[in-house]
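One chain, subunit A, appears in both complexes that follow, with subunit B as partner in the first and subunit C in the second.
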Partner chain A sequence: MLINKPFFQFGLVVLTVLALPFFLRSGIMASEILIYGMVVAASNLLLGYTGLLSFGQGIFFGTGSYLAGIVLTRTGVPVGLMLPMAAVLGTVIATLVGGLSIRRQGVYFVMLTLAFSQLFYFLAYTFSDLTGGDNGLLDVPRPMLNGEQLVDPWSYYAYVGVCFVLVFAAMLLVTQSTFGRTLIAVRENEERAAAIGFPVRVFKIAAFAISGAVTAFAGALHAMLIGVAPLSSIEYHTSEIILVMTIIGGSSSLYASVLGASFYLLMADTLSSIWPRWLLLLGLVLVVVALFLQKGLWGLVEKIYALLTHNRIPPEVEPSDLGTDTTAKGE
Partner chain B sequence: MTQTASTTDALVTKGLGVSYNKFVALADVDLNIRENSVHSIIGPNGAGKTTLFHALTGRVRPSSGKITLGGRDITNLSDNERVRRGIARSFQVTSLFPDLSVHENLRLAAQGRTPWQALAMWRRAESNHEAMATVDEMLARLSLTRVATRAAGELAHGQQRRLEVGMAMAARPRVILMDEPTSGMGIDDIETMKDLIQGLASDHTVLFIEHNMGIVMNISDTVTVLRLGRKLVEGPPAMVRDDPEVKKAYLGNMITGDIA
Partner chain C sequence: MIYLFQVLNGIGLGMLYFLLAVGLSIIFGLLQFVNFAHGAFYLLGAYLTYDLVERDISFWVAMPAAAVIVALVAGLTEASLLRRIYKLPHTFHILVTVGLALVIQEFVIVVWGPLGGSVATPKSLAGVLIIGDFIYPYYRIFAICFTAVLAFVLYWALERTRLGAIVRAGSESTETMALLGYDTLRINTAVFAFGAGLAGLAGALAAPIRGVEPFMGVEALSVAFVVVVIGGMGSYVGALAAGLLVGVIQSLMATIWPEGARLMIYVAMAFVIVTMPRGLFGRV
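Let's turn to the complex of A and B:
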């Protein structure tokens, strides 16, 4: 399908960055959408491409957030160096968490990621000298550009937008590569993937590593956005939100994640000002998606696109139609 | 039968045994699979055929004995490491990547021979020209070129079974292990499969488990009969068919099947 082709997806990403300022009044909100877009795409790489449901994404997000807080408030390291550091630390921790979790499969794998999520939360809570405990780390500065700090939300939005486009392009490249195609094979049939020679564990760990790098990178951007590295960013609840966004968006393409993140954040923003119990409505949305829209919002977009182009998904082919492969019969 | 099966052994087991706790599934099995021969394993249910198969593919660790491939010990290698050494397998219950195209199924199988290369996150899958050439060759050989872009799960059963074997061939292995290649096939498809397996012996060594005695007696160079986890008889099809011990082992499940 055209809309799932990489160049089209990249076009959508660029368009999103350019269009958001026209539709949103808050630069903070727009930046948050882009940041979570990256985070959710990284979660999608695990769930949609590799078939791994990770409850540990908050660990990586919090890691990036704390790294930004610690490095920017206590050392003179510039943002341009701090961001790659966040990605590297995210890779290391994700390799560790992923490497241990994938030793088990199915439910036990999910439980392990959940357990790690709790573990890291309490680590952050306990080592308050480093993390600020309950208060988090305050006064995280925004990056400097041409000697001026990006205080205005929209100028920081531009900064995040550039990062977003670059990260997304890299992730599109990864999903198109031999590596990405092997991940899909692992998701489709793990036993066969191993039988044709792929060390499946190594591929899963590598997927975790990339996911961790991107998530921590985005976590660092987030800390600079809100000026705080809060304890809540490493909470289990963050992992949960990321997964909910991933599932609402759908997992058949990377841009689906941007859609999921935008939908969740915009809905939370609109509804919470109208009704304090808005999470109830979110629950309803999740029920609807789980029951009727298993391919998420992007699945809906795919359907509409197919209708518009009359390019309907081809009907099931009768096996007898295919069985008449006369050339197959031995002479 | 293959005309010129050589005298060197491709795959050898010595005193191979597998036990699950106290249950001995396989004991003391010595096998010498000659290079470029077609070797079949038969035996009544519970004879240990599948266990032997798993031990050879690396899915089950042997509790005793040794397996060597071309003289090199592979007893302690994992299944995916054995693929790199030249052992490929097909499954009894068709195990493909159902949502991926036939072409992509074969490309993955061809890439599996050099799996570390596939970790390259910047390289396009299509840039592996060797794998792409293998895919085209396999498609032609399996008569699947016409359906190359179809999802594997949409194919007819016979085509899926051929692709199943093709997945093993695409790794260009020295030894191909097949678990009941004709399982669930119709008569026409069985003939095609028979020709396919016979043709494999020119490039590969073939070892397969099979219940269809017609095929076993027709195309095997050597037949090994297992019973209760041990080797009962081994030899050319004609000899095995007339062996009184074998007839007794099958107890009424008469071995029919003509020898061509």
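Let's turn to the complex of A and C:
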């Protein structure tokens, strides 16, 4: 389908960056959408492309956020160097967490990722000298450009926008590469992929590493956006909303993730101003998505596109089925 | 002496963790369904007990009532919603139960407020036991004995009764059970309600010890996962051993390194995963 082709997806990404300022009044909100767009796409790389449902993406997000906080407030390292550092640290931690979690499969894997997210939360909580504990790290500065700090939200938005486009291009390349194709093979039939001779575990860990790098990178951008590296960015709830955005968006293309992130953030913004207990409504939305919108919002877009062009959607193998494997009965 | 005290505390805590994990494990065994709302049922059980005790209803009525109400809520949810999604991939099981957990958690905040509270120990168990230097609250002794008896009854019911046989047979093959003429839909509902009721009971028992607050469900869910990962899902003995292990680790660490007590639970889990990927009692 045309709308899932990489060049089309890249076009959508560029268009999104250019169009958001016309639709949103708040530059903070717009930047947040782009940042979470990256985070969710990274989660989608695991769920949609590799078939790994990770409940621990908040670990990497929080890692990046703390790294930005520590490096920018306590050392003289410039932002241009800090961001790659965040990506590297994210890679290292994701390799560790991913490597341990994939020792178990199916639902055990999901439970492990969730338990690891708690582990890192308590690490951050316990070592408060480094992380500021409950308060987090305050006064994280925005980056400098031409000797001027990007205090205005929209000028920081431009900075984030450039990062967003670059990161997304890189991720599209990854999914188009032989590596990305192999990930799909792992998702579709892990045993067969292993039988052909692919080192399945190495591929899964590599997917984790990339996902961790992107998520930590985005976490660092987020800390600079809000000026704080809070404890909440490594909490269970962060992992939860990343996963929720991923599934709401859908997993048949990377841009689906941007859609999922935008939908969630805009819904959160609108509903939370009406009713502080809006998460109750979110819970109901999740049920509705599971019952009626299993391919997510992007699935809806695909359907509309097919109707408009009178194409039939080719019958696909169920994507992101984390349980097609042998773990169904008593792994 | 302090260590003995903490080991006892750990056993009490561990038995609660065992109740949580065994409910999760029974549901997973029969329905192949990971219930991410399990912690929310624990939360609901604790709050119902809190509410009933606040209304001057005896704890001895409140505790079983809370467990039964939670079981009813869970049974209704299963019959009206969850049975529609069993055939979907795991992703949607997780999405729906995460949604359900959010609904319950926010419902609790709407009804009882965001601050939480404490539950008085029942009057008949208010004192402490003193033997020489050794001082220990009666309620905690009761909690340990009660859960121990319950664990034994559960084991007997699952392994030695016809009802238990039906549940175990169902987790081997639901299709065969249906062919044999059993109403598997009703069995599913009953088992889900029962597993959730155990979580509610754990919450009710925990309420006088640790009080109630709206986010205790998340913590309970992840601890239950740790217990199941360490002990092996579907293993009764594993859940018991792992529950006790986790409880004792947490309590001992509370003396040695208070800030890191809960951290150590997860470190222990990581250690088990590295050394024994299948868990302590994992079969396959």
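FYI, the second predicted complex is superposed on the first by the 313 of 331 C-alpha atoms of A that agree within 3 Å, B and C clash if a C-alpha of one lies under 4 Å from a C-alpha of the other, contacts with A are read in each partner's own complex, and residues count from 1 in each chain.
Keep this in mind: a residue touches a chain if its C-beta (ideal position, glycine included) is under 8 Å from a C-beta of that chain, and two chains touch if they have at least 3 such contacts.
Being a predicted model, the structure only gives us computed values, none of them experimental.
Asker: Name the contact category of A:Ala206: first (subunit B only), second (subunit C only), both, or neither.
Answerer: A:Ala206 contacts subunit B only, not subunit C.
Asker: Please work out whether A:Gly180 is in contact with subunit B alone, subunit C alone, both, or neither, and reply first, second, both or neither.
Answerer: In the superposition, A:Gly180 contacts subunit B only.
Asker: Does the superposition put A:Val107 against subunit B (first), subunit C (second), both, or neither?
Answerer: second
Asker: By residue count, which of the two partners contacts subunit A more extensively, subunit B or subunit C?
Answerer: C
Asker: Touching A:Leu119 in the superposition: subunit B (first), subunit C (second), both, neither?
Answerer: A:Leu119 contacts subunit C only, not subunit B.
Asker: Quick one: is A:Phe164 in contact with subunit B, with subunit C, with both, or with neither? Answer first, second, both or neither.
Answerer: Touch status of A:Phe164: no partner.
Asker: Who does A:Tyr49 touch here: subunit B (first), subunit C (second), both, or neither?
Answerer: A:Tyr49 sits against neither subunit B nor subunit C.
Asker: Kindly classify A:Phe217 by the partners it touches after superposition: subunit B alone (first), subunit C alone (second), both, or neither?
Answerer: neither
Asker: Given the touch rule stated above, what does A:Tyr36 touch, subunit B (first), subunit C (second), both, or neither?
Answerer: After superposing on A, A:Tyr36 lies clear of both subunit B and subunit C.
Asker: Could you list which residues of subunit A make contact with subunit B in one structure and with subunit C in the other?
Answerer: 320, 322-323, 328-330
Asker: Using the touch definition from the top, list the residues of subunit A that touch subunit C in their complex.
Answerer: The contact residues of subunit A facing subunit C are 47, 53, 55, 100, 103-104, 106-108, 110-112, 114-116, 118-119, 122-123, 125-126, 236, 240, 243-244, 247, 277, 279-280, 282-287, 289-291, 294, 318, 320-324, 328-331.
Asker: In their complex, what parts of subunit B are in touch with subunit A?
Answerer: Going through subunit B, the ones touching subunit A are 57, 79-80, 83-84, 88-89, 91, 95-100, 104, 108-109, 111-113, 115, 117-125, 127-128, 143-144, 146-147, 150, 154-159, 162, 167, 170-171, 188, 191-192, 194-195.
Asker: Would you tell me which residues of subunit C are touching subunit A in their complex?
Answerer: Residue list for subunit C touching subunit A: 28-29, 32, 34, 81, 84-85, 88-92, 94-96, 98-103, 105-107, 109-110, 171, 218-219, 221-222, 225-226, 228-229, 233-234, 259-260, 262-263, 266-267, 269-270, 273-274, 277, 283-284.
Asker: Which part of subunit A faces subunit B closely enough to touch in the complex?
Answerer: Touch list, subunit A to subunit B: 173-174, 176-182, 184-185, 188-189, 191-200, 202-203, 206, 210, 316-317, 319-320, 322-323, 325, 327-330.
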